[in-house]
Amino acid sequence: MAIMTTTSSLTFQPVLERIAEEMARTPGRGRPADYIPALAARDARSFGMAVAELDGTVYGVGDWHEPFSTQSITKVFTLALDLAREGDELWEHVGREPSGNPFNSLVQLEYENGIPRNPFINAGALVVTDRLQTRSGDAAGELRDFLRAESGNAVLDFDLEVAASESAHGDRNAALAHFMASYGNIDNPVPTLLDQYFRQCSITASCADLALATGFLARHGVRADGTRLLSRSQAKQVNAVMLTCGTYDAAGEFAYRVGLPGKSGVGGGIIAVVPGRCTLCVWSPGLDERGNSVTGVAALERFTTLTGLSVF
Amino acid sequence: MAIMTTTSSLTFQPVLERIAEEMARTPGRGRPADYIPALAARDARSFGMAVAELDGTVYGVGDWHEPFSTQSITKVFTLALDLAREGDELWEHVGREPSGNPFNSLVQLEYENGIPRNPFINAGALVVTDRLQTRSGDAAGELRDFLRAESGNAVLDFDLEVAASESAHGDRNAALAHFMASYGNIDNPVPTLLDQYFRQCSITASCADLALATGFLARHGVRADGTRLLSRSQAKQVNAVMLTCGTYDAAGEFAYRVGLPGKSGVGGGIIAVVPGRCTLCVWSPGLDERGNSVTGVAALERFTTLTGLSVF
Amino acid sequence: MAIMTTTSSLTFQPVLERIAEEMARTPGRGRPADYIPALAARDARSFGMAVAELDGTVYGVGDWHEPFSTQSITKVFTLALDLAREGDELWEHVGREPSGNPFNSLVQLEYENGIPRNPFINAGALVVTDRLQTRSGDAAGELRDFLRAESGNAVLDFDLEVAASESAHGDRNAALAHFMASYGNIDNPVPTLLDQYFRQCSITASCADLALATGFLARHGVRADGTRLLSRSQAKQVNAVMLTCGTYDAAGEFAYRVGLPGKSGVGGGIIAVVPGRCTLCVWSPGLDERGNSVTGVAALERFTTLTGLSVF
Amino acid sequence: MAIMTTTSSLTFQPVLERIAEEMARTPGRGRPADYIPALAARDARSFGMAVAELDGTVYGVGDWHEPFSTQSITKVFTLALDLAREGDELWEHVGREPSGNPFNSLVQLEYENGIPRNPFINAGALVVTDRLQTRSGDAAGELRDFLRAESGNAVLDFDLEVAASESAHGDRNAALAHFMASYGNIDNPVPTLLDQYFRQCSITASCADLALATGFLARHGVRADGTRLLSRSQAKQVNAVMLTCGTYDAAGEFAYRVGLPGKSGVGGGIIAVVPGRCTLCVWSPGLDERGNSVTGVAALERFTTLTGLSVF
């Protein structure tokens, strides 16, 4: 822990600038997601990174104020919002084990009777959104309001064109939802659920916005305004689920290389948490074959190597 | 991190005693493994727990000096010893992703062409032992010597009766080894490999021994005598693999509840690491249906809750 | 083939009566399907059996004129009708291998990129109905007209109450249809397809009706009115698919015990074909755990044993 | 059945010659198995075909007297020999359902607790050989004696070089045997079993030999000397298992195209049965990707098309 004492008087700016320089030397790695036009159109050379300290101080580099499509990153916030509302009962409807299987979505659902492995695979995220929808009446709206409040960005919003594109390619998610409904694990009508889910995934935000919005997980559950969203124990639990399940079937690799709880999205963003210390968001649209930002993972790996701020 | 400053002047003894009292109120949970006589004969009410600080100071409670069968716990040390010898080349022969599947051993091997998911499932541990055997000529012997040196216990040894029992029930491990050999992923003759593997699993040690022997993972790779076994980066990597894969298909649950890198064995022991701070070993023979000590997991959960010493 | 010469002058009536007597001594085996009310309400002691010769002579026993819910039996006719319209192109969209897996519906679809294993698992039947719908504009209507013409029963019809019940329990079929649509293997809108599919399954007919309607498969493709529906080769192919895939994951058992091409439905009916000789339909609502009529299979086994009219 | 009356006065010679001419126009299709030298050395242009009538009259064409490696074809005879000895008890140790899965060998074994799907996948054949070994004391010897007696070829024998090659590539079969032993489904020591199994697979025989040796399955269980090996019902059952499981994961395709019970081997041979009428053996070493002789399947398809002698 010696290194943490050292870093306590540190500003993160020089580290970020060094990382940005290194990344600029190996630009354009990976390929942007291409299943919907809004994602395919992004420049693979884009790169932004932000670090937010517990008190809301933010450091950034590159395109860190550029809004991008958050996609699966929002699953972390929906999980936290639903946990805050219903507590441990959620875990009777979704597991918290890594899926370990690129074919997980449907194969494991069938072997495990409609209970998804964890809240970060699509099936699990649909269950969480379904449950938040039942409790709030407007899951996507509650999510947007939370992100606005935590980031201080009052114009952060859905991208309805993206939501429509997702819906037009939504057969697999519809299959997942109907399949879980066949096991009694979905409460809302499938079309309602999918509408909420696609809007949730469509939210556009910047690295700065997301680094700040993730802050409650580094503050052991406490929101930006000092109120508590999650208990200390719940915050620890969300971080644990992020570490073991946050990057699809590459969670082991991410833990190995980066060593932080993190959650990626196919828009090219990744959020990460250094509990008790800071939160990060990196964005670069080029993805590897498992759907994680190539440059994003590399930048986070450099960050923990340079600062020693890994949980391990 | 405030809590860590607080605990820096703390002795762990009162915490351990409180945990022991709590555990004593709910004794005998779970059932000892019964596939070999030596394990079945252990009293499910046994309980020991030890914490070792970075400098080798050890605190303990209950049966913390009682030797027990280490079983899969030894996979951590074999992994470290082989990594120290061959470095990253190992990862071309074994993955580092959670298996996420109780049927993992053979099903995933087949889907993934003989490359085991991670070094802590049996198939992966066989690969690691095979590679260490090729490099050292006596994998089990090198392991025993390492454990003796780190624990300071010069009589720590194999239990050859246990090794013989394992061998008599060894058809599944033989199947795994032959199956990987059919993909060219095993170098040594299968009987040689199995002999090394069963001896490795048969090592008997106490909580005190294992808490001390695990110390190098909290000291970022540095052994008890100050020499370096692993680089800082490698030590971080081993901790990451323990966290995501160390407790069979319950790794998500263990991360969620305990929040530490850990490795369990069917003898009822679990080791755990608080990087930069201390190492733990708990032992209680009663297992849950996934092969982890019921009381052991509960005790570690209480430890991180009481001290705040979780990585999350 | 000596036995066939012998049976050529035989009426089937005494054989059917003997089988009925034997079955009456072991009544009520198995349990009716209970997922929709119309099926659950049937008396497990019901038993009917009919044999139709190539010229349309029908023999019967027990409840052989009692209408029952045909369910999956109709998949044979839809397959024949679509094959007649599009020929071998169909086989690019559905396979003809046994599924060999109780979990086949979704697991195999995922491993095989949305191409169902065969036309008799639900996923495959959805594809066939989808293709017939595209070609005929009213798949269920075309099926009903065909069955009326072949059976001579002008009032054979859908049971719209059953279709509505199926629809209310239709999440799993919706999941299958959306999942295949995500691979581009469904042409019609999913709601249209499901409506056609549920109506198709709801057709009510008697053993006499179905034994007659199956006649074209014993006549090598020729319909009751002497016109040709399928080529000789196509008729052989449909019989082959029935034998290898007609009774869910019990096709091997059915071939072993009965030795005839056959197709079962959860309504308790089974049709079977003795190529070049006759067709059979048996009905008894009690099912085994794999969804086949317990008494129906037993009666067919007795039939082939008593007459020697197995294909083996 | 009109065609069967017609063919009763037919000699098969002209049909075989026509097929041989057709096959000669598309020579060399597929590739010989190359995992052992003896198989890889065979000329893909070789082609032989024989038909044996019930009374032992044999017709042949091409290389029909050329000995080749029988490989998996012998599984049919071992199954019959064991069934004759122990009857239905065998079916408690091996199933009779198609495997439907190229990954069947290990995956399905694990899901189904060590009971192989059917006697014709490697795992199932190992169980059958193990049981015959227990009952006869020399499974491979009993098999050889049976084939000699039925074919009238007194020098038909093992190819010990082939057996040694198989043994040298035997890790996967060793894995299967140990895995089933771990479930208690293997009686003999694994090395003994493998020795018997590899010798069994190594038997060399010609199309003429095998067409004659298969005769008992067309004669409803009666051997060449008029004694009975199997009951009529057992012979029907073996034919049924051949039809549903005889050509690996292409059984549906084989039934669809050929329409006869058949069993293939990676040596390029295929045997087939027209119950009550005749038996066939075809040989051509070029295999498709599922391990079946390309020209062999094509030749059998032509045979049933030209003669109408399919079971459907």
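Going in written order, the chains are labelled A, B, C and D, and every chain counts its residues from 1.
Operating definition for what follows: a contact is a pair of C-beta atoms (placed from the backbone, for glycine too) under 8 Å apart; a residue touches a chain by one contact, two chains touch by 3 or more.
These are the chains along with the protein names UniProt gives them: A, B, C, D = Glutaminase.
Computed from a prediction, not measured in an experiment: that's the story for all the values here.
At the chain A (Glutaminase)-chain B (Glutaminase) interface, residue numbers used by both copies make up over half of all numbers present, so the two copies contact each other through mostly the same positions. Ranking every chain by how far its Cα centroid lies from the centroid of chain B (Glutaminase), the top place goes to C.
Centre-to-centre spacing of chain A (Glutaminase) and chain C (Glutaminase) amounts to 49 Å, using the average Cα coordinate of each chain. If you average the CA atoms of chain C (Glutaminase) and of chain D (Glutaminase), the two centres end up 31 Å from each other. In terms of their C-alpha centroids, the spacing between chain A (Glutaminase) and chain D (Glutaminase) amounts to 56 Å.
Within chain C (Glutaminase), no positions touching two or more other chains are listed. Chains that are in contact with each other form these pairs: A-B, A-C, B-D, C-D. Looking at the complex, you find that chain C (Glutaminase) touches chain A (Glutaminase) at residues 103, 105-107, 109-111, 171-172, 174-179, 181-182, 190. Interface residues of chain A (Glutaminase) facing chain B (Glutaminase) in the complex, by the touch rule stated above, are 1-2, 4, 95-101, 104, 108, 117-118, 233, 235-237, 239-241, 243-245, 249-253, 255-256, 259, 261, 275-277, 305, 310-312.
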